[in-house]
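One chain, chain A, appears in both complexes that follow, with chain B as partner in the first and chain C in the second.
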Partner chain A sequence: MITQHQIRRRMAATTPLLLSLLILAFVVAAVTLGDRATARMASETLIRVTLVVGFWIFAGNSGVISFGHAAFACVGAYVSAWTTLNPMMKGTLLPGLPAALAELHWPVLPAAITGGLVAAALALVSGAAILRLSGIAASIASFAFLAMINTIWANWTPVTGGTSSVVGLARYITPWVALGWAVSAIVIASVYAASASGLALRATREDEVAAAASGIDQYRHRLLAYTVSAFFCGVGGALMGHFIGVINPDGFYLDLTFLMLAMLVVGGIGSLSGAVVGVLAVSLAVEALVRLEKGITLGATTFALPPGSQEILIAIAMILVLVFRPTGLMAGREIMLPARWVVGRGTSQDRPETDRR
Partner chain B sequence: MSIQLLFDALALGGIYAIAALGIALIFGVMKLVNFAHGQFIACAVFALIIPSTDAVAVMGLGRLPALILIPAVLAVGALLALAAEALVFRPLRNASPVALMVGSFALGVALQNLLLVLYGGRPKAVSLWADLGAPIALGPAQVPLLQLIVIVAVGAILLALALMLKHTRIGLEMRAAAEDFGMARLLGVRANRVISGAFALSGALAAVVALVLVAQTGVADVRMGGQIMLVAFIATVVGGMGSLAGAVAAGLALGAASALLQAGLPPEARPFRDAFLYALVIFVLLFRPQGLFASAGAKPRV
Partner chain C sequence: MAKIGVFDLSVRYGKLTALSDLSFTMPEGERLFISGPNGAGKSSLLGAISGAVRAAHGRIEMDGEILSGLGPEQIARRGLSMVPEGRRIFASLSVRENLMVGTGLRRDESAVADDLEAVFTAFPILRERANAPAGALSGGQQQMLAISRALMTNPKVMMVDEPSLGLAPKVVDEVYDRLCELQKLRGLTLVIVEQSSARAARVGGRMLLMRGGRIVADGDAAEFAAGDLLTEAYFGDPA
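On to the complex of A and B.
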């Protein structure tokens, strides 16, 4: 006899599968139907899936908004640059790099993983301080952390190149590479969300006091989620760097923070599916607006939005979502197969209610 | 040297305190951490010049004599904050503090990009009251006149606000609302009036910061409010969220710490001053996570 609980576990397990299929379909459609520009857009979108799903692991499960995750992307991108760039180039661009780092000439995959690990280590240290604060105060402290990393990166010129960009990163990102990382982020995120720690963390999100009374150590679970989350943001940052080929501290500052936050809010912060759907929706909207800013010709007249209107419109959309649909497009639901599909044939069961988490 | 340092610390701390007060006032009445405050400051700065994307700034409001200019800029700040409240935060009145914070962040981005569209991205030179930069001798130290004016003005503003909060009806209502908003409403405090009042005050305080910034730096830049806003946030956290006196005290302390770091750090470490400041703050919070002057209302109740 199969229990309700087992049915739910099985249904929840279909979520990463379905989300992976969704982004796979997105890539296949973009690669086969579109031109090179569309394929680039697909890679960029999937890198954002990695970043935002990483961000969601912490923000979605804990209910605490962090403004610091762009800093982890920054660290990941620079670690990947430090380890993969040609040693000759590093000698001229970044004369202050320690000798051991300056000699490295790693392949890209270990570099991306190392970028993630360094970001995670930084999260473990900074989170140990920041996450002791209560929700809103922690958000503000994470904002201070972002500004701190940005100040250091913009001024530590011999090692980071300062505000002038680091160039020449190997541009190896194809839609398939980005897909691989996005799928792994989704799988890890759903494994974490279904784990004991993920459940405990969501309990603290719903009611801090009741969770503490049930013996949940909020700080420990937040720190774990923060660290895992920083890993994928670090990897996402490394991917972004290698996607554009040029990195700069300001590329990982408020604009990126805003974009990640907008995607999460539009999709719905309450569920993993919300994070993924939000990235797809906002990315498509951004793409459309960028094309409009370039101008479209209708007969004899060219219609173009002034530059900068893209951010304004996204920000307005975000406020409208907050006012009229505060739970986002997905309203906290997960995309999953219905109960009767996951239960074996012949066992009749009442369908459990939709899992709202 | 030491007197000069004292004046530096007071002037910088005073500005931080005014900015922190602008944030703490709104947080007090509606638990909103206003991430658009920095853009309120930037908007008040740009209100001085005529919108154009040219490199040279043409003064609009900024040409008026100070006696009209100052109230006009304060009014711009207050009206902007009132408009933001009516359009964005009133519909979000019952939303969670997190949603409010995210909404204000979005508003800030929208305002910043609006400025970019109207004025272009390059910083512009603006000369407002340039002769205030002249140093005057004060004992052994040379202190810019502007610094003295800032210190006196900040003192006057803080005193006026303290009197208003203590002795007027709206001040009493604001303090009551900050203590327990629901209870205050039950006792006849009108929510819209108090919240609008807090926003108007906060916007006017943002305009004060804007005027000082322009007079000090002589530059109008779209991003100029960001750093001050961040320090002000930190001041509200260090001061204990929701405590007005705490925010002011922490703002002054941060200004002093900042001036000391500027003077005490070796020259090659000076660009990292703010990084040291933020690290110092995170360190302080490790020992007092609830802030230095935590108010009773800041703790979640069961």
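On to the complex of A and C.
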């Protein structure tokens, strides 16, 4: 005899699997059907999946919008650059690096993980202050944190190179590397969401007072989610750096912050599936519009959108989503297999269940 | 030893005094109604005991242990559970998740499963709707859920703020029936804020009548309904 609850748990367990298959299919399609540019677009999209899913671990479960997560990407990218760049190059580009860092010449994988860990450590320290605030006050403090990190990075020239770019990062990101990290982020995000801490945090999102009355220490759970969340944003930042090969502080500032927010809002902040679908939807729309701006030829005539229309159309699309579907494309729902699939044919007499978190 | 002891408790919001030098004790297993007109300080009293409202001075004890100064989540973990006014359930979480929220810090997993089973037996509708979002329940069902969620923390003392608020009289009857059953079953100490002294008299128990942040009468609820104390509390000269 299988209970409703067991069915429900099996269904929930299919969510990370289906999301991973979705992005796998996306990569396979991009690599086999498209050209090199399409493959690069796929890599970039999957790096964004890592970033936005990381962001969702905190923002989605706590309901607190953070404007500071791009700063974690910044830290991750620079840590990876500091540890992987050729020591000779570091001597010229970043003369102020401490000797211990300047000598390092690490492989890329430990560098990316370290980038994530340093970002997580920074989140633990900064979050200890920021997360004592609630609601909009926490959001504004996180924005101040972003501005602080950006200012420090732009002016700490001997160590960060200041506003001039750090170049020469090993460009090792293929769609498959990006896929590996995106899948890791999805798996950890769903494990966290299903944990006791994830549930407690979602309860505080719904009602802080009732959550406290149920014995939940909001601050502790928020800090845990913030730290885990920063790890994946740090890794995502490292991946971005190695994808382009060049980093500078403004690459991890307002543009990235708003892009991540926009993707999460379009997909729907209420579910992990929303985070993933939001990235895919916005990335594909941007890609299509960029190509239209370059022009497509139909017979003798070439049709092209005026330059800049991409940004405008994406903004209009976002407004339309907010107006007509304020909870995002996924509206808080998760992608999961229906009950009859997880039970086995013929054994289930259960009615279909709602799949809201 | 008294289960709950409140000694010289005062609560102020800025210049406004909500409770002034209020004292009472209650033994284990008692059912205590707190009644009185709007602004009497009923919710402030519950808030102060549960840790949601900070006391200006005074002392609150449970089993001899001082609760004053602890946060609401720490007090909840000591076995004092609060069902806040207005059925504050977690609307977008499922009914089961609502119930599990209160168990996050309990390590006795098999006892949690037993408690969940007990709740589902007491409230079959919750079992039926276990996977539905809690916001989709009716008002009465949400009140049952809020009470059940508090039960899942395995409390010794449960405080319910206005369980009848916004519910049809028939549903209120049902809520009280269940509350009394649960109290008998688990030996709970129960504190209930109830505007209607007639209802309190029908359910039965001790009643504190409050007015202007003070206790103006303390006795058996059934006797209040008959006497003039109530009229005095609502319409008489301020104390």
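Quick note on the criterion: the second predicted complex is superposed on the first by the 336 of 357 C-alpha atoms of A that agree within 3 Å, B and C clash if a C-alpha of one lies under 4 Å from a C-alpha of the other, contacts with A are read in each partner's own complex, and residues count from 1 in each chain.
The rule we apply is simple: contacts are C-beta pairs under 8 Å (C-beta built on N, C-alpha and C of every residue); 3 or more make two chains touch, one makes a residue touch a chain.
Owing to the predicted nature of the structure, the values given are computational and were not obtained by experimental measurement.
Taking chain B and chain C in turn and counting the residues of chain A each one touches, the greater count comes from B. In the overlay built on the shared chain, the residue A:S184 is in contact with neither chain B nor chain C.
Shared-chain residue A:V209: touches chain B and chain C both.
Of the two partner chains, chain B is the only one touched by A:P326; chain C is not. In the superposed model, A:G270 makes contact with chain C only, not with chain B. When the shared chain is aligned, chain C comes close enough to touch A:Q4, but chain B does not.
When the two structures are aligned on the shared chain, A:T38 is found in touch with neither chain B nor chain C.
Looking at the shared chain after the overlay, A:F145 reaches chain B, while chain C stays out of its contact range.
Of the two partner chains placed around the shared chain by superposition, chain C is the only one that A:D217 touches, whereas chain B remains out of contact.
On chain A, the surface patch touched by chain B in one complex and by chain C in the other comprises residues 209. Interface of chain B with chain A (complex): residues 31, 33, 88, 91-92, 95, 97-99, 101-103, 105-107, 109-110, 112-114, 116-117, 226-227, 230, 233-234, 236-237, 241, 271-272, 274-275, 278-279, 281-283, 285-286, 289-291, 300, 302. On the chain C side of its complex with chain A, the touching residues are 50-52, 71-73, 76-77, 81-84, 88-94, 96-98, 100-102, 104-105, 130-133, 146, 149-150, 153.
By the touch criterion stated above, chain A contacts chain B in their complex at residues 63-65, 126, 129-130, 132-137, 139-141, 143-145, 147-148, 151-152, 155-156, 208-209, 254, 258, 261-262, 265, 306-309, 311-312, 314-316, 318-319, 322-323, 326.
Contact residues of chain A toward chain C in the complex are 4-5, 8, 196-197, 199-200, 202-203, 206-207, 209-218, 270, 332, 353-354, 356-357.
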